[in-house]
Amino acid sequence: MLCMTALVVVYVRHLFSVVMLFGIYSLLSALIFVVLDAADVAFTEAAVGAGVSTVFMLATLVSTGRQEKAPAHSPLLPLAVVTVTGAALIWGTLDMPHFGDPGNPVHVHVADRYIQESPDEIGIPNMVTSVLASYRGYDTMGEVIVIFTALVGVLSLLGVRERRENPVHRTGERHSRPYPVLQVMALLLIPFILVFALYVQFHGDFGPGGGFQAGVIFAAAIILYTLTFGLDDATALLPVKLICMLAAAGVLLYGGTGVVSMLLGGNYLDYDVLAHDPVHGQHYGILVIELGVGITVSTVMIAIFLALVSRAERPR
Amino acid sequence: MIVDIISTALFMIGCLLGLTGAWGLLSFPDFYTRVHAASITDTLCAACFVSGLMLQTGWSLVTVKLLMVLLLLWLTSPASSHALVRAAHHAGLRAMTWSFLGDRS
Amino acid sequence: MGFSLFNYWVVILLMMAGFYTVIASGNLVKKIVGLNIFQTSVFIMYISIGKVFGGSVPILAANTDLYSNPLPHVLILTAIVVGVATTSLALSLAIRIREAYGTVEENDILEISRREDDEE
Amino acid sequence: MTIGHLPALQVVIPLLAAPVCFLLGRWPRLAWLLASAVAWTTLVIAIGLWLQVREGGTISYAFGGWAPPWGIEYAVDRLNVLVLLIVSGIAAVIFSGSWESVRQEIPESRQALLFTNLLLCLAGLLGITITGDAFNLFVLLEISSLSTYALISLGRDRRALTASFQYLIMGTIGATFILIGVGILYMLTGTLNMADLAHRLGGLQGSRAMHTAYGFLVIGIGLKLAMFPLHLWLPNAYAYAPSVVSAFIAATATKVAVYVMVRYLYTVFGPEFAFSAMYVQWLFIPVGIIAVLFTSIVALFQHDIKRMLAYSSVAQIGYMLVGIGLVNVTGLTGALLHVFNHALMKGALFLALAAICFRIGNPRIENIRGIARQMPWTMAAFVGGGLSLIGVPLTAGFISKWYLILAAVERGWWPVVAVVVIASLIAVIYVWRVVEAAYLHPRPEDAETVAEAPPALLAVTWALVLANVWFGVNPGLVTSLASGAAEALFGGYLP
Amino acid sequence: MVLAITIGALLAIMLLALARALAGPKVYDRILAMNMFGTKTVLLIAVYGIFTDSPSLVDLSIFYALINFIGVIAVLKFIERVEEYDEVVER
Amino acid sequence: MTTEALLVTALLLPLAGGLCIILTGRQPNLREACTLVTSGLLCLAVITMLFRVLDGARPEYILVEMLPGLAIHFEVEPLGMLFATIAAVLWPINSVYSIGYMRGNKEKNQTRFYFFFAVAIFGAMGVAFAGNLVTLFLCYEVLTLSTFPLVAHKGNDAARDGGRVYLGILLATSIGLLLPAIVWTWNVAGTVTFTAGGILADRLAGPALTVLALMYLLGIGKAAVMPVHRWLPAAMVAPTPVSALLHAVAVVKAGVFSVVKVTVYILGIDHVAGAPGIHWLLWLAGFTVIVASLVALRQDNLKKRLAYSTVSQLSYVVLGTMLLAPISIVGAALHILAHAFGKITLFFAAGSIYTSSKKTEVSQLDGIARRMPWTMTAFAIGALSMIGVPPAAGFVSKWYLLTGAIEAEQLVAVGVIVVSTLLNAAYFVPIIYVAFFRRESSESMLTYGEAPWPVVAAVCATAAITVSLFLFPGLALELVHRIPT
């Protein structure tokens, strides 16, 4: 099914369909992640692939047009490149460790420790969160920075239009038809979504979820609001400047935790020193940085969405 | 035991409804009929599945979550169907009518 | 042996479909979609690495002590985020290109650039 | 206390300064001051690390207090301290001189964003260099790449956008290839720490999967460092980026990629695997040679000076590849020295070009006719950088070429010597075209009179030119570092 | 057994939906199929989660339901906007 | 002043002079005073050093050591002293001449001219005193680059084209052949320091040595051995004082000097004599001598004829070197000296003719000696020196060369010298003849006399030195006999 989708994506030229198929593809791969025991990843992939990315792409299509032209040059060269690459990979797989074998080096070396010790060392049941936030906490900080970089990049490319100076020019609004049913529905759903986001944020220690997923869900609520009520109302609710400040604040919260642990005598991002008991320290640390991740991710997603949409709404 | 039987029955009904809906989606001649097939069966199908699952799990936090799934589906599914039809209608997509079939002569 | 590697082969097929879309497609947005498919399949490869038969989701539970490997999950969480960051940047570039050139077709853009170069 | 944390601070300071800089959006001048101060701080930290490495050997820093194979490690040794020094040094110099040029080329609302991006890029590059973890490298690579894409797209010409997009696509493919390679390595060993990887890969010499991983890594990194047939993104990217950005990324980005290549070849895979099992030299030498010759010749026919220098950069990367492919200590020393020296000379040249752009706008050869009379200091700096690019004695460029030629002679590979020599000659010609236009042609009648570039820009340009001379006259410091690193990397392996 | 049948049926439904999504012919058909695909995914995950005794997956299904809804709304909104532009262009 | 200090002074003086020239660029009189004072001081310093060197002093000075064994290193030895003396003595004379010429022809950009002239002299001093190959190479390139603006002084398209050929050939040969040769030498010998008797003995032999020698010979493009001689005629676009600089004071002399120096101090004449096929280099030089003379014969443009004459004369020096006999090396060194003074006289004379009459072709020179007796007398002396007829310096050096050729039993070389002497006579004697004995064509309306006095004074001075070198060759001979062959 996955393959079918992927291959069709190659052929279909109506870009809206391509993007929607991509959403389906993402959902499917998220399903596969579920089957492969990666609940957190499935969560994220669904949020990002099927959710945010797709919405972003759709928003882009509004400004860029929806039909792809037939390719002008022959597909032989790319085909050859792809074939060679694929062949190299398949050749390489021939003596790879077999799929799913518990004796693989992957499972016996580093990961072993995470599984055996992390509940004691970190004190939370979700090992993915422990590894994410503590053992490889620095990677996660990098991830937050990457997101932040994307925000900086998008802003420097597009900028977010604040409210229109002159309400007379709200031509976009006049054309678009209001959906009263949807607006009511959105108003019903949004509080629920926000609560759910908070739940995912703070439940991340025990089940799948955490700052990143929560951030995306939070952003999803705002995106829904923007979609049903329009850009101007959304920016009135959440001024762009505030969003940007929060994004930076989230990064600083994360980085600041590291600095604090450094000041308290540990290494950077060593949460052991945050409290008298190392396990408590880990707990506090993870809580704070997940919060930082959540804030940054949600605000960045919102900001990027607003930026893309504000271009789409601009009358040509 | 009896719970198991009921839930199995619910699953089966759900499957049946779902398949019907999907079949309708695939084989009905035009967009509006497809919407009809899909959305009607979808709602009930989801209800069957989720209630079956709720019976399986017994009473716990998970049940509440499942209930939320159901509520969510019930809220969003009709809403999106509505929005979809509305959009299609506004975009000028015409429903197939009998006159479409008969007026040719 | 056959089945144990089958999983990887499917993933490779997906990867190549995405890769092909990236390099062969002339439309910038479709290139981005291809890039995403390419990356997503790499993610599936990573997650496959972490799977243990009979293992469960790596969240501490009372009834099992065989878990799948959490490390690839962490890596892929990060990689997904990186992916969306790249995508959003690429999309905003595409928008700007459309505004500047009036098209997002690679060939048209090349044509315009070439003309511009000639004029200089 | 601080001393022990230097490896972390090296990257964390610019990383955390970036959001602060972002918040200064309303006051671009403050953002610039902050960026420059941070860049100088990183330079000081790099010097501190260098002193430490010189005394105590490799430094390891465990993030989160988790010991290396489990946590993320920063490892500083002679090899990357050299790259740290050059990256932070170039950043310090370029950032502090960038204000006037940025203010002129970038709309005010985007200036602070530009500095934020620069800081992120700097942090990413430093992080790539310093990290000892294969996956962390990928993350930091993406930080630097994303910020670079954004930086390039800030160029005034609309072709900057397409250049940036092209780079984005190729760079992301490269990064994904690296991801695949790292994934396979992880699959084979179960670890991501480079030292641990190297240790564990030792037992897997014949594995086909390892060969595949190797291939993907080389191609992925090759895309990033603009290895010859994969260099197509580079000329456009350098040509259309804002001048200061061109100077910064030309002087640092590809150098860091070369470092990553060396790191993977020598530390992770080990020279034994790379050169006896994979025969890398038969890949690198021809690719390097073709790169050097072909792109040098292409550079000859460019009218845009930025493009010309960009092609020359690809050629210079070819030198580095040749140095790596020569598989002896002298060759590797030469390559590392060239990493260092090329950063100096390209930095100087692009800064001089930034000064020219500042006054003239479009740096085409026709436009700079007779400019030397009006901007004598700028053009003199360009000539200085050009001499170093050619490899004239008493400039830094000579030292590295000397080592490269020596290494080739040591191996008895005369064609390589011939190539280095011929390419130097071609470099003479393309540098000469600029010099001739600037000095020997009269200024066109209708051209407006221009003044000398602003003093700050001029000062940093000259700082780099003088550094070229200083390291050409007195290269002992760098050569000992480079040759020490090269010897350590070979670790007794001889082809 | 029940699990196998249920999952099989759900997969079959999804396949049918996918077929409609691929076949089109109008964008709206695709959206409809996508919506159905999404709801069935939600159910699939819930079923799978309960039967493999990992209730945490139910969170996931809630989330999927949300995403699905937002996705459909987004597609609709943006398509509408594009149609508007096209109208403007046609005039 | 210690001899070391003198050495540093000799190197720094031209640079300091250049700086003064730039600073005083606004006031031409002051600027020219700077040039004159600096050149005079340099001349003084070098001559003082000359006597010290004759007394056995061998000062050296290491500026920086870039890599172990690779330094910017200056050391004085007799051969270099000879070259330095030529350059230092000719600079003031040339300066006087330049002042007359540049003002007389109202050239533009005179400050640039004098500045780069000073830098070129610095390069020449550096080449002369270089203690190792790298220093030599560096100063050689300084010389090349600093003379370029002089060659292309006029700034028109012809000048730029000529300049491009000039720079192209010189840089291409030096970077393409000389530098690899240096690296090769370094690789083989582990050092590039000039050492009496050479540094390659026991380290490199057989055909490789011949190849290396060939790389040096052709790599030093300034020696203008065919086929890398094209730059010399191309550089004829330059103003005459520059031609004088190129042909006599610095550039080509630096070339042949380097050839001699490398042969003596790097290859080692005894060692290289054993290399197979080394006589091919000799024949190459001989070929250049003959062919360049033949070409010169066919040139009507006076300066072109002189240029090809230079190509031919330079190859005498190479020929003498490649004979690899001690006596012929002495001859070669002497010929550097003799040719320097002879050729500068000829060029000065040509420039003087151009300045006062704007005549450039040989066929226009009928009876010119009536109007410009001093100039043409000097020209005759220079020509005699070129041909090798007493009482001019050329005779002495040719004598040594011939002796060396006979001693080395290289009959080809003997033949070459004899034939080329006849050819020299064939292209110089007609000029003298028409200038002195043919009547000026009557329709000439021009009225002109001698050139400005600084020009004439310079011409006479060099002619006088040419003669005196024949009459009193003692000092020069003493110096060249100290070259450790």
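The chains carry the letters A, B, C, D, E and F, assigned in the order they are written, with residues numbered from 1 in each.
One rule holds in what follows: a contact is a pair of C-beta atoms (placed from the backbone, for glycine too) under 8 Å apart; a residue touches a chain by one contact, two chains touch by 3 or more.
In this text the structure is predicted, and so the values were computed from the model without any measurement.
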Contacts shared by chain A with chain F include exactly D
Interface with most residue-pair contacts lies between A-C
Greatest centre-to-centre gap (Cα means) from chain D is with chain B
Per the C-alpha means, the centres of chain B and chain E lie apart by a whole-Å value of 11
Expressed in whole Å, how far the mean CA point of chain D lies from that of chain E is 47
CA centroids of chain D and chain F: separation to the nearest Å works out as 45
Per the C-alpha means, the centres of chain A and chain E lie apart by a whole-Å value of 19
Multi-chain touching residues of chain E, meaning two or more other chains, are 31, 54, 56-57, 59, 62, 66, 68-69, 73, 79-80
Multi-partner residues in chain F (2 or more other chains touched) are none
Where chain D touches two or more other chains simultaneously, the residues are 135, 139, 142, 146, 149-150, 153, 180, 186-187, 192
One finds touching chains in the pairs A-B, A-C, A-D, A-E, B-E, C-D, C-E, D-F
Within their complex, chain C touches chain D through residues 15, 19, 22-23, 28, 31, 35, 38-39, 42, 45-46, 49, 71-72, 75, 78-79, 82, 85-86, 89-90, 93-94, 96-97, 100-101, 109, 113, 116, 120
In the complex, chain C touches chain E at residues 56-57, 59, 61, 63
Chain F contacts chain D in the complex at 64, 66-67, 70, 72, 134, 137-138, 141, 149, 152, 155, 160, 163-164, 167-168, 171-172, 175-176, 179-180, 183-184, 186-187
Note: in the complex, chain D contacts chain C through residues 135, 138-139, 142, 146, 149-150, 153, 158-159, 161-162, 164-165, 168-169, 172-173, 176, 179-180, 183, 186-187, 192, 303, 364
The residues of chain D that touch chain A in their complex are 1, 5, 8, 12, 15-16, 18-20, 22-23, 25, 61-66, 69-72, 109-110, 113-114, 116-117, 120, 123, 127, 133, 135-136, 139-140, 142-143, 146-147, 149-150, 153-154, 180, 184, 186-192, 200, 207-209, 211-213, 215-216
